[in-house]
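What follows is a single structure, and I will ask about it in a moment.
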Amino acid sequence: MFFASDNSGPVHPEVLQALAEANQGYAMAYGADALMNEVRDHIRGIFDAPGAAVYLVATGTAANVLALATLAQPWQTIFCSPVAHIHEDECNAPEFYSGAKLTLVPGGDKMTPEALRGAIAAEETRGVHGPQRGPVSITQVTERGSVYSLDELRALCGVAKEYGLPVHMDGARFANALVALDCSPAEMTWKAGVDAVSFGGTKNGLMGVEAVIFFDESKAWEFELRRKRGAHLFSKHRYLSAQMAAYLQDDLWLTSARRANANCARLVEGLRAAGADFLHEPQANIVFASFPRGTHKRLHKAGAVYHLWGAQLEGDDEDEPLACRLVCDWSLGGDQIDRFISLLA
Amino acid sequence: MFFASDNSGPVHPEVLQALAEANQGYAMAYGADALMNEVRDHIRGIFDAPGAAVYLVATGTAANVLALATLAQPWQTIFCSPVAHIHEDECNAPEFYSGAKLTLVPGGDKMTPEALRGAIAAEETRGVHGPQRGPVSITQVTERGSVYSLDELRALCGVAKEYGLPVHMDGARFANALVALDCSPAEMTWKAGVDAVSFGGTKNGLMGVEAVIFFDESKAWEFELRRKRGAHLFSKHRYLSAQMAAYLQDDLWLTSARRANANCARLVEGLRAAGADFLHEPQANIVFASFPRGTHKRLHKAGAVYHLWGAQLEGDDEDEPLACRLVCDWSLGGDQIDRFISLLA
Amino acid sequence: MFFASDNSGPVHPEVLQALAEANQGYAMAYGADALMNEVRDHIRGIFDAPGAAVYLVATGTAANVLALATLAQPWQTIFCSPVAHIHEDECNAPEFYSGAKLTLVPGGDKMTPEALRGAIAAEETRGVHGPQRGPVSITQVTERGSVYSLDELRALCGVAKEYGLPVHMDGARFANALVALDCSPAEMTWKAGVDAVSFGGTKNGLMGVEAVIFFDESKAWEFELRRKRGAHLFSKHRYLSAQMAAYLQDDLWLTSARRANANCARLVEGLRAAGADFLHEPQANIVFASFPRGTHKRLHKAGAVYHLWGAQLEGDDEDEPLACRLVCDWSLGGDQIDRFISLLA
Amino acid sequence: MFFASDNSGPVHPEVLQALAEANQGYAMAYGADALMNEVRDHIRGIFDAPGAAVYLVATGTAANVLALATLAQPWQTIFCSPVAHIHEDECNAPEFYSGAKLTLVPGGDKMTPEALRGAIAAEETRGVHGPQRGPVSITQVTERGSVYSLDELRALCGVAKEYGLPVHMDGARFANALVALDCSPAEMTWKAGVDAVSFGGTKNGLMGVEAVIFFDESKAWEFELRRKRGAHLFSKHRYLSAQMAAYLQDDLWLTSARRANANCARLVEGLRAAGADFLHEPQANIVFASFPRGTHKRLHKAGAVYHLWGAQLEGDDEDEPLACRLVCDWSLGGDQIDRFISLLA
C-alpha cells in the first residue's frame, strides 16, 4: 500500500530490458548514439512537430530549469503558480540557472487567465527598475492533481501571447494529463500555444529520464550549451535514449499512465464511498483527501505509506479529519488499492 | 577495435544485474534508499575514513563542479593544469557553479610543486583587487594518461597546505590510477592531503555514477543543497546506489581497472614494438602515440576507432608521423588489441 | 512644487563644499583615504558600535544587495514586504548578487511579526527540496511612508532570532525614520536586533553615497571582496568619504531629515484641511493621498510634479478621487508647499 | 612627487565647477536628466557615430564588465592579454557579470594578431564540451603603458572579425592613447573594428565617471537592464552627466591627457639621461623603468610616491637595479617632475 509518490516506484520491466539490449559494444557518447536519433524522430512524430528540438536529461528539475533558462533573461520574471514545483521544490535551481525571479500568480493551484493577466499587467510598469516580463510556466498535471483542460491551456497561453511571452509546460506527469484529457500531444502543447515542454518519464516508469522539447528549434544550440554547462550532458547517453525509446515503444508511456490514473480513480471511488472529503477534484493520479484520524491510524498500522498534508497523526481526537496526499503510479496493484479501501470503512 | 574513449563502452553485466535486483517494489527517494547506506559505509571502509561524507551524482562534470563549488568562494581562483578537464571540457561549468576563476598552472599535463607554488605565490599580491587563492584541483589519472606518484601528490598537497588551500582530486579514472600505483585509496587521497574526491565510475563500467567524497563532513549539508540546486539530486536514487554498490562489490572496480590498464599495457607493447613514439609516458589506460599516416590509414580502413590528436588523416605524405590518443576500457577484448597491433606492423 | 521623489533634489551646499575641500593633491585610492577613517569612526560613534564594519558605496541598490549577499546563501530565501524596494525596484539585483529567492511576507507595506513568523514557518518544511530560510530585510522608512516603531522592530527581529536568521535594514531613508522615532541609531538597529544596515545618504542631500554597516565585523573582508567583485569599489574613494563626512558633520543628516519630515507634515496638514484621504498614515517624508481629479489637473497645470498612483489624470469625472504619492526632501521650500496647498482648496 | 597612480589625483576644477552648476533645483533621475542628452549628443559627435548608444557608470570595472556581459554569453570565453585589468585587477567581476571564462592570449602585454588567431583557433575544437569563442577585449593604453597603433588595432579586430567575434576596448586611458596616436576617436574605435568602448574619465580628471559606448545600438536596452541589475544606475545621475559634460567641454579631456603624456615624456627624458632602463617603451602616461636601489632609496626619502615592480626597497646592494612603475596624471606639476629627475642623478 504505497501511495507516497510516483517517484518511489520501480522501473518498468520493458525499460530494464531495453537497457540490457542497449548494452552491446560501443556507442557514440554525449547524445550522438543511434538510439537518440530514433527517440528524436519518435517524439517529433508523436507531437506532430517535425522541426522540434528534442533533448534528454536525467531529472525533472534539470528539464525545467534548463528549459526556463533558455526562455528567460536574467532580468525577467517567470510567472507560475504559488505551489509550482519550480517555486517550492527545486531549492532555487530556477533562479540559479536563469537568474530570473519567480512571480507567483495569485490564487490557488491552477492559474486562471484573469489572475495571470493581472500578474503580467502589474509588472513592467516601472521601466528599467522592475524586473521585466518573462516566460509563463504551466504545470500539467498540477501539483494538486488537477488537469488543465485544453480550453484552459489555450486561454492561459493566449494571455501570454498577448504580451509576447513564451510558455513552458512542466510535464513531469505529462502522460497522466494527456490520457485524462484524451487529446493529442500536439493539442496539449504547441497547438494550445506552448513553446517548450518538460516531458516527464521518471514518474511514469523510467529510471531517470525526461525529455525537453522546443517546438521552435532556433533555441537548440543554446540549450545544448546550457545542458553541458549545467553538467547535465551524459557521456553514456545511450542509456537515457534506451529508456525513452522503451517508454515510447508500443505506447508504453500511455498504457502506464492509464493504469496509474485508473488506479487513482478506483481509490477515489473507495474514498468517496467511505465519506472522505476531497481538497481538490482528483483528475489524474493524485488525490488530496480528508478523513478521520482514527482511519489514518488504522491505515498506518496496516502498513499504508503516504503523506499527511499539513496534519499530524498523533492526537487524541479520533474523529478529527486529517488531510493527506495519495499518489498512484502505474506499478500499484489493484489488490493494494482494494486493501486500502477496505481499511477505510 | 574501439579506442575512442572509456565513456563509450558498455556497462558491466554485474551492474545491469544489480539494477534489476534493485528494481523491486518501492524505495525511499532522493538518497534515502537503503542501498545508499550500504554504499556510504562501503566507501568509508575502502577509504578508511569513517566520518567521510559520501554522495552520488550521475556525471563526472557534476561531481567536479559541485565539489569545487563547495570548496571555493566566488572571488577565488581554482589552480589546475592547463589541460585539466575542468578547464577544457566542461563548457564553463566550474565557473557557473563556483563563480571562481581557473588559474592555469604553467607547464604541461602534470603540475609540479614548483610551478604550483609559483602560481599561488603570484596571486593575491593585489589585495582586494585580484581574485583570492582558492582550491587546487589535481587530475588523477591525468588527461594525458599520466599518474601522479604518491610522493608527487604529497608534494602538491603540501604546497596547497602551506597556503591553507583545500585540494580536490578529479578522479574520473580514480581506479585506473589506484591500481597503477598499487596503493590504498586512503594513501592516494586524504593521507596525501586531498580534501575532496570525484570518485569516478562511469568510465570504468557504470552507466552514469560518480561519488563525491569529502573527508571533512562539515561541508556535507552545503553539498546536499548545492546538488539539489544544481538539479543533480535523483528522485529514483536507488538506481545510482545500485550501480555503485555493484561497482564496489567483490572489488569489481579494481578488477575492471586492472583489466583496462592491462589492455593498455599490451597495446603499448605493440606500439613500442612497431616503433611508435609516445607523447607521454603511458601509465594507466590512455596512450598518446605517434606513427606514420600510412599506418593510421590502414587502421581506419580496418575499422579501428580512435582520435587523431591535432592531426589530419588526409594527406599525401604516408610516412609523416601523426599523433593519436588511444583509450582502453575494461571491456576491450584482447583479440581487438592484438588485431590492432597486427595492423601496426 | 517638486514632490516626485527625494532622489531628484539637489545636493546640500555643505556637501559640495566638502568635495571642494577634499580636492587637494593626492589621496590613497580604494578606501584607504584618511577621510574614510574619520567617517568610520564617526559612524561607529553615532551607532555606539565600536567594532562595526563600515563601507561606502554609491547607490542604494548596491548597499542593499551587497549587504544581503553577505548575509544570505544562494539556496536561501530573503523575507521581505511585497512592496519592498529590493523586490519591486531593483531589477533582480538581489537575486543576481545573492542567488537567493525573495519570499514575500503576506500583508501590506509593513510586515507584522505574525505574518513574518508564518512565512518563516511555512518554509523549510521540505528538507533539501525547498529553499532554506535566510535573512529578513526590513525597510525603514517603508515604501509607503510608514515608520516601524521600536517595539515593532524588536518584535520582527525577535521572530528572526527565534529562527536564527540575520536581519538587514534597508535604510535608504534611515534619517527620516530616526527623527520620526526620536530615538538613537543604536536603538533603531543593533539594540533592536538588526545585523546590517543600508544607511542612506543619497535621498537626504548627498550626490550618491550610502554606507553599509555590519555590527558583527566578521563579515568585513567578505563584504570588501563582494564590493570589488560587484564593481562597486571606487578608486577616487575620497569623494565618497567627503560626502559622508559632511553628512555627519554637525548633524547635517538629522537636520536635513527633520526639514524633510517637517515639510511633509505641513503638506499633510494642508491635505487634511482640504479633505484629502490618506492611503497610509504618513509618518516621515512621503504621503499617499487621494483627492479629486479636478484638483490634480489644477495642480499639474500650475506646474506641480508628482506621481499619480495607479491612476490616470485623463478622464472626464472631475470629482473622481485619484491617488498620488508626494515626497518631500530637505531642499523643498516652504513657499512651494504653501502654494501647493493653496491650489488644493 | 606623486607617481603612484592616475586614480589618486584630484578632480579638475572645471569638473567641480560643473557639479556646482548642475546643483540647481530638481532634475529627472536615473539618466533622464537634460545634461545626459547633451553628453550623448556630444559623444556621438566626437565619435562620428550618430546612432551610438551611450551610458555612464561610476567605475572602470563597471564599464568593462557591463560592456563585456552584454557582448558575451555565459558559455563563451573573452580573449584578453595575460596582464589585462579585467583578468588581474577586477576580482572575478568579469566572470560574475558575464559568466564567461577569460582566455589569456599567450605573449606579453600587447596581443599580437598571430597570438590572438592562435588562441581563437585553439578553442572551440571540442564542440559542446569546451567553452565557445566570445569577445576580444583590447586595453588601450595597455597596462604597461604601450599604445596599439591603428594598424595594430585594425589587425587585431580583423582577426576577431574573421571569426565573427565582437571587440571591446578597455579605454580607461582612452584619451591618453588618442593623443599619443594623434588620430580621431572614430579611427581608434569603430573604424578599426571596435564594437564597444569603456571610455574612461576617472583617471583623467573626473571624480568617478566612465562612458560605455556601443556603436550598434541594438544592445542598448539590454545594457540598461544589466546596469540596473548590477546596481550601477545612479538616481542622481545628473552629477555623472555634469562631470562628463565638463570633461568633453572645450576638449578638456584631450588637454588633460596631453598634459599627462607630456609630463610623462619629460620624466622619461630625465630617466633616460640618468641611465635608467625601460621595461616597456613608454608611449602614454605610464613608465616602467629600472634604476639602482640607492636611487630609489634617495627618492623615497625625499617623499616620492610610486610602486616598485616585483622588487623590494630593502636590501644592501645599492647598485642592484630595481624596477618601478611611474604614472603621470594631468595634475602633476612640472616642478615635481623636475625635482624627481634631479634626485635621479
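Here the chain labels run A, B, C and D in written order, and each chain numbers its own residues starting at 1.
What we mean here is this: contacts are C-beta pairs under 8 Å (C-beta built on N, C-alpha and C of every residue); 3 or more make two chains touch, one makes a residue touch a chain.
Treat the numbers as computed from the prediction; the structure is a model and nothing was measured.
A.B. asks: What's the rotation, in steps of 5°, that superposes chain C's Cα atoms on chain D?
C.D. replies: 180
A.B. asks: Compute the centre of every chain as the mean of its C-alpha atoms, then state which one is farthest from the centre of chain A.
C.D. replies: D
A.B. asks: Would you mind pulling out the distance in Å between where the CA atoms of chain A average out and where those of chain B do?
C.D. replies: Whole-Å distance between the two chain centres: 34.
A.B. asks: Whole-Å distance, chain A centre to chain C centre, using C-alpha means?
C.D. replies: The mean C-alpha positions of chain A and chain C differ by 42 Å.
A.B. asks: Which chain B residues touch at least two other chains?
C.D. replies: If we look for residues of chain B contacting two or more partner chains, we find 74-75, 90-92, 96, 128-129, 132, 225, 228-229, 233.
A.B. asks: Residue numbers of chain A touching chain C in their complex, please.
C.D. replies: Within the complex, chain A touches chain C at residues 74-76, 88-92, 95-96, 99-102, 104, 126, 128-132.
A.B. asks: Across the complex, what residues on chain C touch chain D?
C.D. replies: 2, 4-5, 7-11, 13, 16, 19-20, 23-29, 58-62, 64-66, 90-93, 96-97, 202-203, 207-208, 225, 228-236, 239, 305
A.B. asks: Tell me, which parts of chain C touch chain B in their complex?
C.D. replies: By the definition above, chain C touches chain B via 30, 73-75, 128-129, 132, 224-229, 233.
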